[in-house]
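Below are structures written as structure tokens.
You will see subunit A twice below: alongside subunit B first, and alongside subunit C after that.
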Partner chain A sequence: MTLLRYTISRFVQAIPVLIGISFITFVMVNALPGDPVAIMLEGQEVDRETIEAVERRYGLDRPFHERFVTYMLGLVQGDLGYSFHRDMPVSQLMWIRLGPTLMLVFSAFVFALVTAVPLGVLAAKRRNEPTDHVSRLVALVGVSTPSFWIGIMLILIFAVWLGWLPSGRLVYPWRDPAHYGFDGRLELYYQTIRHLLLPMVALGTLQMATIMRIERSSMVESLQEDYVQLARAYGVPERTILRKHAFRAAQLPIITIVGLNLSTALGGAVLIETVFEINGMGRLLIQSIQQLDYQVVMGVTIVLATIFVIGVIITDISYAYVDPRVSYGDRE
Partner chain B sequence: MNQNTILSVDGLRTHFYTEQGVVRAVDDISFDVRQGEIVGIVGESGAGKSVATTSILRLIEEPGEIVAGEITYQDTTIVGFDERSDGTLVPKDEMLTNRQMRSQVRGNEIAIIFQDPMESLNPVYTVGNQLQEFIELNRDLSGSAAKKEGIDVLREVGIPEPEARFGDYPHEFSGGMRQRVLIAMALACRPNLIIADEPTTALDVTVEGQILNLVSDLQEEYGTSFIWVTHDMGVVAEICDRVNVMYLGKIVEQGPVDEIFYDTKHPYTKALLESVPRPDRTVDELNPIVGTMPSAIDPPRGCRFHTRCPDAREACREVDPQFVDVSETPDTEHRTACIKYDDVGYWDSVPLEHASEQDTSYIDEDQRPENRDLEQTEGEP
Partner chain C sequence: MATTEGQLDGKDGGGEPQIGWRHTFQQVKGDPTARFGLYVIAIATSIAVFSAVDANLSRATMGVYPDYTIGEWLPVLENPERMPPPTEMEPYQPPVFAEGGSWANPLGTDQAGRDYLSRIIYGARVSMAVGFFATFLGLTGGVLIGAVAGYYGGRIDDVLMRFVEIIYSIPALVLVIVFTVFVSGGNPDVIYAVLGVGIATIPVFSRIIRSRVLSVREMDYIEAARAAGVKDRNIIRRHVIPNSFAPVLVYATLQIGFAILIVAGLSFLGYGAQPPTPDWGQMLNHAHGQMHVNPWMSIWPGVAILITIMGFNLFGDGLQDALDPRIDN
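Entry: the complex of A and B
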């Protein structure tokens, strides 16, 4: 089977998973206390008939399974319901909020990988030397410090005391520069980076620390493999051994951990968006829960779950790409 | 030193500094390798065979260290020490630097074949990629010329359809085929000496036979010298010209293969030979060596084999046996380190009780206070 067919089959396999996630979310939102009609009509003097009329209009009088089927039929057509609070379709809301969250999570992983992989390799190369001890200590601190606290500290130091960087909100590179009153694309990108820096570091620190620890131990193991010894015995320079012979096979655990940690990063984004006042999915989720905006809560949950499933699929595909031993599911 | 000697190891000591103590994995061994011959190094697991061969390539890693001795390859000094006035040893000036070792010796002069063909190839690169890299590093060939050479060598070691197999990954090869690939790697670099570290141990017997035949043929064709590390006396009989028998970091007997087999001197060699079936002898029962090898951290005093030796006497506990020439004719160079053949009072000494008969009493012997430190731990780290 080719990589393309493998990719397609993995996506097809994801469909039942997504249906399952939607079902569980639907059940849980239904089990929440509070009456959506009462919230909708809050502050108005209404009689019993009006309430029933509203319930009929939105299908709330129908049994649970019928409502679920209706919701799923809407879902496959891209209809996630309507937010009464914000007075707009949930799907439209998702489109606006998805960008900031993806930008934040993606940049956090880029930051984590760019820093953690070289540091992990260096620590493995200088095992049990001061470099190694320092990097392991940093990793330990990084793993055990909550990201929102790091966020608050970063704001305090770099925004409040030093005043180097803005304390919150993001600038989106896909917007028109005139929207922010910037001179051109270049300034827009510059401001994007300036605004992204602190939340990226706050969210990425945990990932960086985790990846660094795995990278170190994986490289240490890899450097002791027979095939690395063989390369040494054939006169391969140590630089090439690190870069080629030990490195590639050592990256397999990293790929796994990045895929799995997508969930912690999305969860972390909820906090970081709140700390940095970023209008992404996470902040929307928190606000919607507080406002009992059920449709939005469901929509956000399903979209985040979908992102996670896609992330895991991408992990599997890159794993197959890096490790030739992974079969594409051939039955011979 | 013989005129044809290409590698000479003299008084080599390689120690490992572990938390439990100093492991004397290789403790004063000397042997040489001549042009075009196959030299065997035989012994039980933990005797220090692999450490000895890795020392030749200077691939000993922390916490191991070559602490004494000289290794000379042709005219270059791989390992050598000068003694300073205060008695400490410092590396000789003419000793090759690490960079020289890498660029001048490893691969192009001395190549190695490891024990486990399953672990010796990188799983994420194609066989051809690794083979071509080693050829490009060690010979003046690059790109397509190196690739062509790689395919030719694969064909020579008996890999069918080498053009197609060149681009396959290691997991697509069987164990025997992978060992052929590793032999191809060694041959492709056109070294003068190939160290084969138990290359057939992980293979099944039929494949082992094929590989041994292949090596014999290739050896005749190329005239390459081999150091063949093994614990299998049968393999030694099949391919080796001369043999070194190692026990607990020391060589106890060395000589031409026929001398070792038919005029065995050292009790350990005898014991090794009695523990394997031989087509030229009929026995009712095989006679394995009793006990396990003591730890190389605190080896027995006197002769290191005395705790397990059937011929041991009181003198063996005290006297450290020196190499004695036991050659029948002047040029056989048969030597052994056993005081039976030296005039140090073996024959006047009382036999050690435990070893006089092979029963369970040796267990009690191990429990005696003076022997309690001979705990049955692995000799090699």
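Entry: the complex of A and C
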């Protein structure tokens, strides 16, 4: 099978999963007892007829399976429903909120990779030396600490006490600088980075710790491989061995772990966006849950899960691309 | 047929590979970090279990009554007329090392004047209970699904693993939040959190056990049992699951830490344990709003979560090393 056919088949395989995700989300959200319209109109003087009219408008008077089919048909056409509270289509809302979340998650992974890979290699190279112990301790603390608490601590230290960095909100590089009252592009980018720094570290620490652990053990294994031993026997300098021979092969597990960790990162983004008051998908989810704006809750859940599914497919494909040994057939 | 079955699952194990539990235990005992993890787990568990009958519950949950121990409380409870008037406690007392702090409340008091240290100690109960029960739930569900899928293969395998993949694709925290809020009918509580986290952890367990079962089912003793006419159900229960269990156990230890982490996040958002139950995530929720006024409130619940989860991670890592034949200690 060629890489292209493999790519296509991976996407085709994802279709039932996406349908399943939509179904489970639909079932969970519709498990809510009580009438969403009544909740929405709570406190307002409305007669029975108005409620029925609203119900008809949103199709709530029809049975469960019919509503699901309608919802799925809409989903296929990119229609995620309508937000009661914000009075706009969910898909439109999603476009506004997707950017901040993707920027946050992406930067967290960049931070994690940039710090974890060198540290993991160093720890593997100096195995059982102080450097190794320190980096393992950092990794251990990293996987054991709730990201939102790291966020709170970072705000306390760098925003409240030291006053170096802003304590929340993001500045978006795709906006017009005049919107924020900045002089030009350069200041906009500078402010973007300043605002992104703390949430990025808060969300990225868990990823950094996980990647560092994998990188270390993978490098340790890689350094014991026969071809590395052989290179050593030939007198190839240790630095070259590390860079050219051991390193490349050791990066394969990292690709996989980045894909799988996308799930924890997206979940973590919900918390980090709440702590830092970032108006992304996660904060939207929490706000919509509070308002019981259930179409938005469904939309966010499905979109986040879809991002994860696509992320895993991309990592699978890049894995197959990087590692020539991978066969595209049945992978057990 | 009953006799054949009885013989096959007899004590001699029918030549099944034995997991060296004693050996594992020795290894873990010799590993100082794993031992440290075990101590942390033991302390947190005993706090969680025994604080139920220990002192200062009133200080932790109500804060308006004097800090009687349970021995002093009982006579009071039996004679309501002897109930003392509530003593007003000062909210937002600073901790002892800060200006204005006192040893009466070493870590200060919270918004209702409740002793912060007592609340942190009591917070272990919710976290540990959720960690254990949710993991147990996920483990049971995951092992069942994984074992059945791996053993039968084919269609059943496809369907079950697809289901697992679907659950796995929804970010765990998002799944747990939506489940907790909507399935509870808008009244989230710990019990829904346990259920939600349990469901969210099914995929990990079922995948691990499935991959083990795939190799175990090819073993001669399974073949022999099948030839002897042992029912599939019994083969899975008596032979397949026990022989695929070791990696699951390691993962369960690590997973308890993960469950505590998820529930802390859930409570932080306000959908976990509800007031007045003391809970670390919920305490951080309030502390977040107090960051500029009472910054110290944010520190301790986080430290408590960190230490507890670290205990499970250390122990789990030690267990993994001990059970992994490739690592020679």
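We adopt the following convention: the second predicted complex is superposed on the first by the 328 of 332 C-alpha atoms of A that agree within 3 Å, B and C clash if a C-alpha of one lies under 4 Å from a C-alpha of the other, contacts with A are read in each partner's own complex, and residues count from 1 in each chain.
Methods note: a residue touches a chain if its C-beta (ideal position, glycine included) is under 8 Å from a C-beta of that chain, and two chains touch if they have at least 3 such contacts.
Since this is a predicted model, take the numbers as computed values, not measurements.
**Student:** When the two structures are superposed on subunit A, do subunit B and subunit C clash or fit side by side?
**Tutor:** Overlaying the two complexes on subunit A (C-alpha atoms) leaves subunit C and subunit B fitting together cleanly.
**Student:** Answer with first, second, both or neither: which of subunit B and subunit C does A:D323 touch in the superposed model?
**Tutor:** First partner only, subunit B.
**Student:** A:L60 in the overlay: touching subunit B, subunit C, both, or neither? Say first, second, both or neither.
**Tutor:** Neither subunit B nor subunit C is touched by A:L60.
**Student:** State whether A:H245 touches subunit B only (first), subunit C only (second), both chains, or neither.
**Tutor:** Touch partner of A:H245: subunit B, not subunit C.
**Student:** Where does A:T301 make contact in the superposed view: on subunit B (first), on subunit C (second), on both, or on neither?
**Tutor:** After superposing on A, A:T301 lies in contact with subunit C but is clear of subunit B.
**Student:** So, A:I310: does it touch subunit B (first), subunit C (second), both, or neither?
**Tutor:** Once the two structures are laid over each other on A, A:I310 reaches no partner at all.
**Student:** Contacts for A:L230 in the overlay, against subunit B (first) and subunit C (second): which applies, first, second, both or neither?
**Tutor:** First partner only, subunit B.
**Student:** Between subunit B and subunit C, point out the one touching more subunit A residues.
**Tutor:** C
**Student:** Please state, to the nearest 10 degrees, the angle that the Cα centres of subunit B and subunit C subtend at the Cα centre of subunit A after superposition.
**Tutor:** Between subunit B and subunit C, as viewed from subunit A: 80 degrees.
**Student:** Identify the partner contact of A:L285: answer first if only subunit B is touched, second if only subunit C is, both if each is, neither if none is.
**Tutor:** Only subunit C; A:L285 stays clear of subunit B.
**Student:** With the two structures laid over each other on chain A, which partner does A:M72 touch: subunit B (first), subunit C (second), both, or neither?
**Tutor:** Once the two structures are laid over each other on A, A:M72 reaches no partner at all.
**Student:** Rounded to the nearest angstrom, what is the minimum C-alpha distance from subunit B to subunit C in the superposition?
**Tutor:** 9
**Student:** Where on subunit A do subunit B and subunit C both make contact?
**Tutor:** No residue sits in both footprints.
**Student:** Can you list the residues on subunit A that touch subunit B in the complex?
**Tutor:** Its residues touching subunit B are 225-237, 244-245, 248-249, 322-325.
**Student:** Write out the stretch or stretches of subunit C touching subunit A in their complex.
**Tutor:** 162-163, 165-175, 177-179, 181-183, 185-186, 214, 257, 261, 264-265, 268-269, 271, 281, 284, 287-288, 291-292, 295, 298-299, 301-302, 305-306, 309-310, 313-314
**Student:** Taking the touch rule as given, give the residues of subunit B at its contact with subunit A in the complex, in rising order.
**Tutor:** 57, 59, 102-103, 105-108, 111-112, 114, 116, 119-126, 130, 133-134, 137-138, 169, 171, 182, 185, 189
**Student:** Using the touch rule from the top, collect the residues of subunit A that touch subunit C in their complex.
**Tutor:** 16-17, 20-21, 24-25, 28-34, 140-141, 143-149, 152-153, 155-156, 160-161, 263-264, 266-268, 270-271, 274-275, 285-286, 289, 292, 294, 297, 300-301, 304-305, 308-309, 332
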